[in-house]
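Heads up, the thing below is written out as structure tokens.
First chain written, first letter: the chains are A, B, C, D and E, and each begins at residue 1.
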Amino acid sequence: MWSAFANPHKFLKFSAVAAPLFYGAGMLCILWGLWQGLWIVPKDDYQGGDIMRVMFIHVPAAWLAMVSYSGLAVASFVWFIWRHELADIAAKAIAPLGAVWTALCLATGSIWGKPTWGTWWQWDDARMMSVLFLLFLFLGYMALRASMDSRQKAARAGAILAMVGAVNVPLIKFSVDLFTSLHQPASVITADGPKMAAVYLTPLLISGLGHALLFGGLVMTHMRTEIRERRIARLTAQALEG
Amino acid sequence: MNAAPIWAAFRQAFAEAWAGGAGALLPLGFLGGAAVLVPLGIGSDTETLKAVGPGIIWVSLALSSLVTLERIFQADVEDGTLDLWLQTGAPMAAVAAAKTLAHWLAAGLPLALASPLLALMFQAQASLDLIAHLGLYALGSLAFFFWGGVGAALSATVRRGGLLISIIALPLYVPTAIFGSLAMTGGIGSDGAPMLLAASTLFACAVAPYAMAAALRLAAD
Amino acid sequence: MNAAPIWAAFRQAFAEAWAGGAGALLPLGFLGGAAVLVPLGIGSDTETLKAVGPGIIWVSLALSSLVTLERIFQADVEDGTLDLWLQTGAPMAAVAAAKTLAHWLAAGLPLALASPLLALMFQAQASLDLIAHLGLYALGSLAFFFWGGVGAALSATVRRGGLLISIIALPLYVPTAIFGSLAMTGGIGSDGAPMLLAASTLFACAVAPYAMAAALRLAAD
Amino acid sequence: MTVSTAPLLSASGLAILRGERVLFRGIGLTLQPGEAIVLRGANGAGKTTLLRMLAGLTRPEAGEIARPAAHHWIGHKEGIKPQETPRIHLALWAKAWGSSASIADILDQLALTRAADVPGRYLSAGQRRRTAFARLLLEARPLWLLDEPYTALDAAGKTMLDQVISGHLRTGGAIIASMHDAAGFPVTAEVTL
Amino acid sequence: MTVSTAPLLSASGLAILRGERVLFRGIGLTLQPGEAIVLRGANGAGKTTLLRMLAGLTRPEAGEIARPAAHHWIGHKEGIKPQETPRIHLALWAKAWGSSASIADILDQLALTRAADVPGRYLSAGQRRRTAFARLLLEARPLWLLDEPYTALDAAGKTMLDQVISGHLRTGGAIIASMHDAAGFPVTAEVTL
């Protein structure tokens, strides 16, 4: 399977089947998680009452924001060291999607924060700020790529930024432990395993899986488009050369 | 490793930093200007001013490091100096670090040194704390300059890339800004903050030069 | 007066302003970045934030106009474009005004348009006032760009004159900043403030172009 | 053309200081339609400075310049923005000068068709020079001030430029050019600094 | 010198894309001590790009470059800072390269004595070129890569440069230079792009 990710041709074949599967399975998981979250699980008054149901979007979105940036950094690293074109294509595909999920995390967090903490936004909160800047990093990555004149240079510049920006990910993850924050500390992904009640935990994990699958499917679709675009550019160049 | 080219890079950058007019006086002017404009907008309530003072100094440091750095590497690309540095045989990361350090000495450190004065302008009580803060500002601004250098190197081929630099560099500033203000406000959990600030600066000094070197090679291509 | 060269200067400057990457998105990023760093330093007390919000927006506008303007005229000197503009036969003051206006449209106005959003981030109450303030920010930033243009033109031959610009331009910004924040806070004596702000902007638009033209002629000499 | 026409340019007693030192003094020249003056002088003699003075860009320390005719100026720096392609550059100046010349034809004449849409930042040295010379053809002006016009041009480019200049001189134009090589067009006089 | 020496530079199969277009491909060359190769080609053919590639500044799309010898590179841009005078510039690079050559002598040899203390921003075009060439004499390096070396030089400057280059070739150095004019030094081969 891994070889399929190294070779564009094999990747196209693999993703033609995998992307729809990912969409389908992802949507199923998300819908099931939402159904559980919105109608089945009991509300938790300590977490703001019914508004806590936004958790089933907020937490998966937060996870994906961090995972997608890590993916961007890893893909950039792979491209930088081994020059696998597919790694660059993956990085380019991840950035806008990562930005969307990060924005989703911020939006749902704010919506949840207004009733529970009494504020949409807390400026000196390290967690919120670091997630906001993660969004900035994604946007900066895209702006930087867009301002370069050739694909090769865009890839190199983007890779440098993505690798350097990876400092932010641990900061996000551990910000709640390092600083006083309004935000609760991690209760799912912790060193001693999950501490959340199972009623919440199962739908949350299923939702998380669903978001990951949907994200993966979208990344594959973006990559397919990009591979085809690069092919067209190459063929056009060859045709012009005569 | 032969230190001569690195030392030469440092000297050239330092001369360049001072050449554009009155050297360190200018960043001071910039900081002073910001310090004057802020209370104008805010009003002169003593309590408010005291509360915002340190924050404003941090922000001024961050912004003026951006303004200073915008041209460093871009100028090198435009006048052909970068080609020469890339071919000295010295590790480019060391050259980039030397240049950044020179610009920090010329423009960043004077700002940090001026910070107690500014704090007083913001109605802070004169105390030994101000001197301690000076050290924090100096540390933090060093990290700003290194991360800013990465942004500057990345956008060196893009004319008027100054604003692109901001977008790239600001997220990199965040850890430093967070630890720095935490160390200053001295709230709960701030015991380790000066150490964390130092660590984040050290990290910047260790990682940023390699990123700069890669970005500069790209800019020459 | 033949308007063709002036219109051409406007178009060229506008294209230049957008060329460096993603155009108006970038100054927005700058302003956003500044707005974000400030509270990091200040803390998040709602009352304090509300008090400093407008001031911070003014300062960010001023600083980002400086960052934008630093390179305008310096680039023209370096690439020889200034020689061409000085010889079009059109009044240089009009050309300079057209260029400044273009840069304001590309970088200043978007900032002003984003100000209500920023004000909300600073815990301001959503109200029609924010729209009125948008107008004040737009007016004020226009004055900032014109005065900043004078500073940029004066320091156009000095490489890395960016900080020199700040020193020259910041004092010129003060009246605008005073009237602007007065108009916004609506304290005693603030009835006439919007008029005074408009007057100071008008004054900048009327006087600055001639100063710019003279400074540019000097830069080419 | 022995009819005494008004000179397109006349200057007398020009002098300039550079860094406490007199760079040149007492320079005078007169240019009639159809004439070509070549400026000669060692590196640093002041050819560029004199040309800028004649173009009205630099203020002489002493002396008089009368320039009743419109002029074109092409210096060491071409005046092309990094984001401007040759086509956009010419369109801009055509607009500014109110010229209606065909830009496609001019690009063709200067063999810039291939580079017509490459941003200024990526143009080769010769392509930049050619773009600057293309401005000469945008609008007919009697007086051309050219600083080292052959710089960076290939053989074909030099021949092309010589033809353009010769044509300009034949139709009553005049030029002053600084040069280190032999000129490929009829030269009326040489001025040595 | 028929003893087979190791080449100072050898390259094969070089190719590069510029803006989706192949600028050149399949370029190869070998340079032995004492040899001079002149690059020819129309404006925009890719001479500068090839030289930058040989200097290690630009990454080739395909092909191999082996450059065992140290080299000097003089491009279109001289690498002089606006605040640097020729004297300071040379002192800086002497320091960086660990050279102990006499800077006063080199300035003298390039006829830069008068301009030795003028900041880079005010140097004339030829003075800037001469300052760049002065770097060649700071440190002896076998391989010189020169992009249009005659640009902006006056007649005396060209003669001086020809002598410097000929001396370099005689003592076992080698050069690759892009040029539009005839070379004033013995040329081993011409490569046309």
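Rule of thumb we're sticking to: contacts are C-beta pairs under 8 Å (C-beta built on N, C-alpha and C of every residue); 3 or more make two chains touch, one makes a residue touch a chain.
None of these values were measured; they are calculated from a predicted model.
Centroid analysis (C-alpha atoms only) places E farthest from chain C. Both chain B and chain C derive from one sequence, and where they touch, over half of the residue numbers involved are common to the two copies. Centroid distances built from C-alpha atoms place A farthest away from chain D.
When the CA atoms of chain D are superposed on those of chain E, the rotation angle is 180 degrees to the nearest 5.
Centroid to centroid, with C-alpha atoms defining each point, chain B and chain C lie 24 Å apart. Between the Cα centres of chain A and chain C there is a gap of 37 Å.
One inter-chain figure worth recording: chain A and chain B are separated by 31 Å, centre to centre, where each centre is the mean of the chain's CA atoms.
Chain A and chain E, compared by their mean Cα positions, are separated by 50 Å. Taken residue by residue, chain C touches two or more other chains at 16, 19-22, 26, 29, 33, 36, 39-40, 42-43, 75, 78, 159, whereas all remaining positions touch fewer. Looking at chain E, residues 19, 76, 82-83 sit in touch with two or more other chains. In chain A, 124, 129, 133, 136, 139-140, 143-144, 147, 149 are the positions where the chain touches two or more neighbouring chains simultaneously.
Those residues of chain E that touch chain D in the shared complex are 18-19, 41-45, 48, 76, 111, 114-115, 118, 122-127, 129-130, 148, 151-158, 180-181. The part of chain B that touches chain E in the complex is made up of residues 2, 4-5, 7-9, 11-12, 15-16, 19, 75, 78-81, 83-84, 86-88, 90, 220-221.
Partner chain B is touched in their complex by these residues of chain E: 52, 55-59, 71, 73, 75-84, 88, 92-93, 95-98. Residues 17, 19-22 of chain E touch chain A in their complex. Listing the residues of chain B that touch chain C in their complex gives 16-17, 19-22, 26-27, 29-30, 33-34, 36-43, 45, 48, 51-52, 54-59, 62-64, 66-68, 70-71, 75, 78, 107, 155, 158-164, 166-167, 170, 173-174, 177-178, 180-181, 185.
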